[in-house]
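Take a look at the structures below.
Next come two complexes built around chain A: one with chain B, the other with chain C.
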Partner chain A sequence: MRLPNPRLLLAIPAIALIFVFMILPITNMAEMSFRTTGTKDPFGEDYTLAHYLRIFGDTYYWGVLLRSLLTAATVTVLCLLVSYPIAWHMSKAKGMKAVFLYACIASPLMTGVLVRNFGWMIVAALNGPLNETLMALGIIERPLRLLFTQGLVILALVHVFVPFMVLPINNALRNISPTLIEASTAMGATRRDVFRDIILPLSFPGIYPGVILVYVLAVAAFVTPALLGGQMVSYMPTLIIGELTGTFQWPFGSALAIVLSLSTVVVVAIFTALTAKLMERSKA
Partner chain B sequence: MATVEVRDLRKRYHNFLALDGVSLKAESGQLVTLLGPSGCGKSTTLRCLAGFLEPNGGEITVEGVSILSTPANRRGFGVVFQNYALFPHMTVAENIGYGLKLQKVSKSELTTRVNEVMDLVRLGGLGDRLPREVSGGQQQRVALARALVLKPKLLLLDEPLANLDARLRDEVRWLIRDLQQQSGITAFYVTHDQSEAMAMSDMVAVMKAGRVAQFATPREIYQKPTERYVADFTGEANFLPCTDVTPHGEGHYSIAAAGTTLDLDGVPGIAAGAPAELLLRPEALELTAPEAGTFRGIVTKSAFLGSALHCEITLPDDSVLKLSAEPNTPVTKGDTVGIAIDRSHAWLMPEVAP
Partner chain C sequence: MSGATSAFSHQGPVNIAFGALIVLLYVFLMAPLVMIVGASFTGGLLIDFPPQGLSLKWYFEFFERRDLVDGLLMSLRIGAITAVVTMTVAMMAALAGQVLSGRLSGWFQLGMTLPLLVPELLTAVGLLFFLYKIELGKTVVGLQMGHILMSFPYAYVSIAAAMRQVPASLEEASASLGATGWQTFRLVILPLVMPGLAMGGIFAFINSFDLYTISLLLKPLGGNTLPLALFDFLTYEFKPTAAAAATLSILLSILGVAIVQKLVGLQRAF
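Showing the complex of A and B:
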């Protein structure tokens, strides 16, 4: 008997992990989304397309889906704008300064998700420090209602996802040889030209994973919209959890989850296709 | 087409003095080489010229006008880097045309000029490739084309051949020299390879610890070095300690070395009796019969190199001379031989404290 390729043997733990924790549950969920609603069990015995027809036939669900995707897109763009200068400074830092900056960047991830969001609730409360500071500075006269707004959800998500954007961009920026900047300067490029023509395109191998990570995480975020978004606006994750744990409509909840997953995949695929040429050229 | 002058250039990094008063001059159309080991300040000088570094003192003028306050992107110099520094995300043609694009020249002119210069450096047909898809020698030619297409006043080359293999190095070396002479562009060329410096330059500046040890033509640098450091760096050299230095007019001396007295030329201004060294390049020496030569010694090493026989001969005072003899010379280790000196190739230098 021939032994199988040892490299394939090495892959077995990874394959097993992905199979048990990703392929199986997703298959399970996909199958459940085609089941009828059960009364005694989580789902009925028969198969049906009713859940999908209901989602696509109701503009309410279209609206929630669109809001989820747009919010995630906004978070991603803001995250990119905030993260790029940070990543730039980080890529220039050496020694203890670099360590200190890494610690600062990772700090949002060092706080538990509930603590962090309750923290935001305190900060953004009507008589919280944010409003008091703004009033003390004379920028506003009456406290703003910040809590339970979409803006606060976006702000809190940007805050926690910045590390996922900064780290890959920092990495990509570190890989750009300083002589490229000198070469373009000698050819007459201003700082703006250098940024637009050299640094930005060459940092794309860092922007791309950052954008994908933040977008996917933002679409799927549940705790932050649930706690800071209040009851007035719904996002897909809150809706799905509501169906699964509130009304126990597992098949319908599964269908919503599948729709959300597929839409995210489509958005990622479009982004990848649009940037494929840039990625191909700029990768090292 | 510009005269470039560097005067008393100084650059300090923290506690390290990288440039300690460098002065050089390139006449219009000349290629001036900065030659020296790593850390001698040759690249620092070039980077000051390019405007990537700001010197702490001194002056750089082009056509008599100071350029120190002109930022690098407005100096209009072409720079070629050791690692080529091609933009990896742009094609060969885009790399070459980038400077023209910044100058907002029309699309048709850009294409014409890029194609012209690509033909000049023999890159025809490679315009659509990415830098990583062409060979090292071709990458170097792209870097050269990218600098030349802007018709720079000054061309700065920082060890442009260091990453090429020997055969390509030769080819690109002549290409650089030809293009530089055809276009009449003044050029500064940094290298640590003395043969490159000899072959290409109008003038060579041998650098040592942030200073110019000697600035002269390649011939003078090789045949009439001002100190041992220069002689050592520019080729195979024998040094013999001398005594009884007696000047006979400007640059002529009589000396005693290895038991013989000699009349020869040397660095002007060596005082009578001052410590001095005799420089004998291997080609100044010839093997003779033991009684016929200026010196007599014993062969302590002989190696057949094909085109020559490499010999090391120990003189009575234990100093060693290396020379290349005709390959069929019948000498072996232990033979007593004579050495004749071609006096026009001997040179006296003052002994400088290292």
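Showing the complex of A and C:
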């Protein structure tokens, strides 16, 4: 038998970091969700199913969960619609123009979510630029109250996640050979045929990771609903953080987090099953 | 589409519409950042765009606010430590990852990027409990560990990509000439991966500087990072000082983007 390469030992600090400070804590959280409510500490000594029964028995939590899942789905679809044209345009660019476009995608990506959300507070203010533009165009007569609405939360989340979607789609589009498109055009395919039968399936390996990543991150996004959502509507992440830092209900907060994670996994699995055919076509 | 006989007349309007759409989408992407920078230079008393006259007074105001400046200093310190630690650990991991192949290599990659793929919220909640158990709850050390964990994948991805560009033959040549493993690393590999390593450090620093959720749950007693201080400020005061603070943060990211372009080129980095 060949001995394992001693160089592998260099991975120990990284593996230890991720195992001790991430895998262990998340396992810990799963265990925490079965703990009883504590009286002195944030959690009790015994185990119970009470927190899960409380969540499943209360339509309020069903509603918040559904709102979180649907909001994330809306964000993901809008993100795809915004990102695809950008990625397409980017994949055609060369030289300094490409550098400039990459910078336009990378600068928001490297700016914090809080800062970008704050930007939307300025844009959407009652006498802010968005209202003034809409009024100047005659689309609305009076300024709209946009701040602290679900619509603004969705808009700001789309803005946060567009770069995550643009980059993988752009990479997939760059890998499509132009001769393939030229050949099918020469054989009489219309633009629409080329898009539907060649470009869309071949860019799917970029769409798939983009969609999954954006959905998973959007479901659990906390800052945006906390800053722009106002007090009227709750999302799962704001509820969870409230239970943990406000009322110190650690076991119940954990149960909410576990329910949210499992629902996300189910949605991702359904999406993967539904698009299995497209993925196969992209490999053919 | 009756004019399809002439390619020009067919594509003209479509291309113009597409061009307009692209411009609109880029406006959507850049508008919030532009508004912040604009609002920070206002001479007026309200956060407003376009700004009312020009002045730098909100920058002076920012540097006079103890809570915001303390937050900035704490973010810079934590970011710097995060960059140094993640660069070291990620460099070692990338060296180890090089000797793996096939499926094992894929799993290793996936494992190293886990903190990026699992929502920050879950990691933050788990860490809150875990640090409490090992009695590091509400300490700077605990917060620092959270930042190192969350920023590690950024450093790893950049460094591993740079390592893949180093031909294996160079290492073999160096070894056959009698160099030790350390000498090969220091004299052959390190100079070649230096741009990737630096980029990894920049990404890790900026990611740490921007983290919010994990900092909120792990924040030490009496200490605030800049994003935490800024959130509180926005909730209670909402003055152009916030725009000045946010502009500093935007400048940092633009600086990062420029350095990355210089080091490896944005196209290869993303």
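Here is the rule we go by: the second predicted complex is superposed on the first by the 263 of 284 C-alpha atoms of A that agree within 3 Å, B and C clash if a C-alpha of one lies under 4 Å from a C-alpha of the other, contacts with A are read in each partner's own complex, and residues count from 1 in each chain.
Just so we're on the same page, contacts are C-beta pairs under 8 Å (C-beta built on N, C-alpha and C of every residue); 3 or more make two chains touch, one makes a residue touch a chain.
No experiment lies behind these values; they were computed from the predicted model shown.
Asker: May I ask you to decide whether A:Gly63 touches chain B, chain C, both, or neither, giving the answer as first, second, both or neither?
Answerer: Once the two structures are laid over each other on A, A:Gly63 reaches no partner at all.
Asker: What is the contact status of A:Gly246 with respect to chain B (first) and chain C (second): first, second, both, or neither?
Answerer: Touch status of A:Gly246: no partner.
Asker: With both complexes overlaid on chain A, does A:Pro201 touch chain B (first), chain C (second), both or neither?
Answerer: first
Asker: Of the two partners chain B and chain C, which one touches more residues belonging to chain A?
Answerer: Comparing touch counts on chain A for chain B and chain C gives C.
Asker: Between chain B (first) and chain C (second), which, if any, makes contact with A:Val82: first, second, both or neither?
Answerer: second
Asker: Please work out whether A:Ala183 is in contact with chain B alone, chain C alone, both, or neither, and reply first, second, both or neither.
Answerer: Once the two structures are laid over each other on A, A:Ala183 reaches chain B alone.
Asker: Just chain B (first), just chain C (second), both, or neither: which does A:Gly151 touch?
Answerer: So A:Gly151 meets neither chain B nor chain C here.
Asker: After lining up the shared chain so the two structures overlap, which partner does A:Leu10 touch, if you call chain B first and chain C second: first, second, both or neither?
Answerer: second
Asker: Let me test your reading of the model: by the given contact rule, A:Asp193 touches which partner, first (chain B), second (chain C), both or neither?
Answerer: A:Asp193 contacts chain B only, not chain C.
Asker: What residues on chain B touch chain A, complex-wise?
Answerer: Touch list, chain B to chain A: 50-52, 72-79, 81, 83, 85-90, 98-99, 102-103, 130, 146-147, 150, 156.
Asker: Across the complex, what residues on chain C touch chain A?
Answerer: 18, 21-22, 25-26, 28-33, 35-36, 39, 47-50, 89-90, 92-93, 95-100, 108, 111-112, 114-115, 117-123, 125-130, 132-133, 145-146, 148-149, 152, 156, 181, 203, 206, 209-213, 216-217, 227, 230-231, 234-235, 238, 242-243, 246, 249-250, 253-254, 256-257, 260-261, 265-267, 269-270
Asker: Going by the contact rule at the top, pick out the chain A residues touching chain C in the complex.
Answerer: 5, 7-11, 13-15, 17-18, 21-29, 32, 42, 82, 85-86, 89, 98-99, 102-108, 110-116, 118-123, 125, 127-129, 159, 162, 167, 213, 216-217, 219-220, 222-223, 226-227, 237, 240-241, 244-245, 250, 253-254, 257, 261
Asker: For a test of understanding, state which residues of chain A touch chain B in their complex under the given definition.
Answerer: Counting only chain A, the residues touching chain B are 177, 179-180, 182-190, 193, 197-198, 201-202, 278, 281-282, 284.
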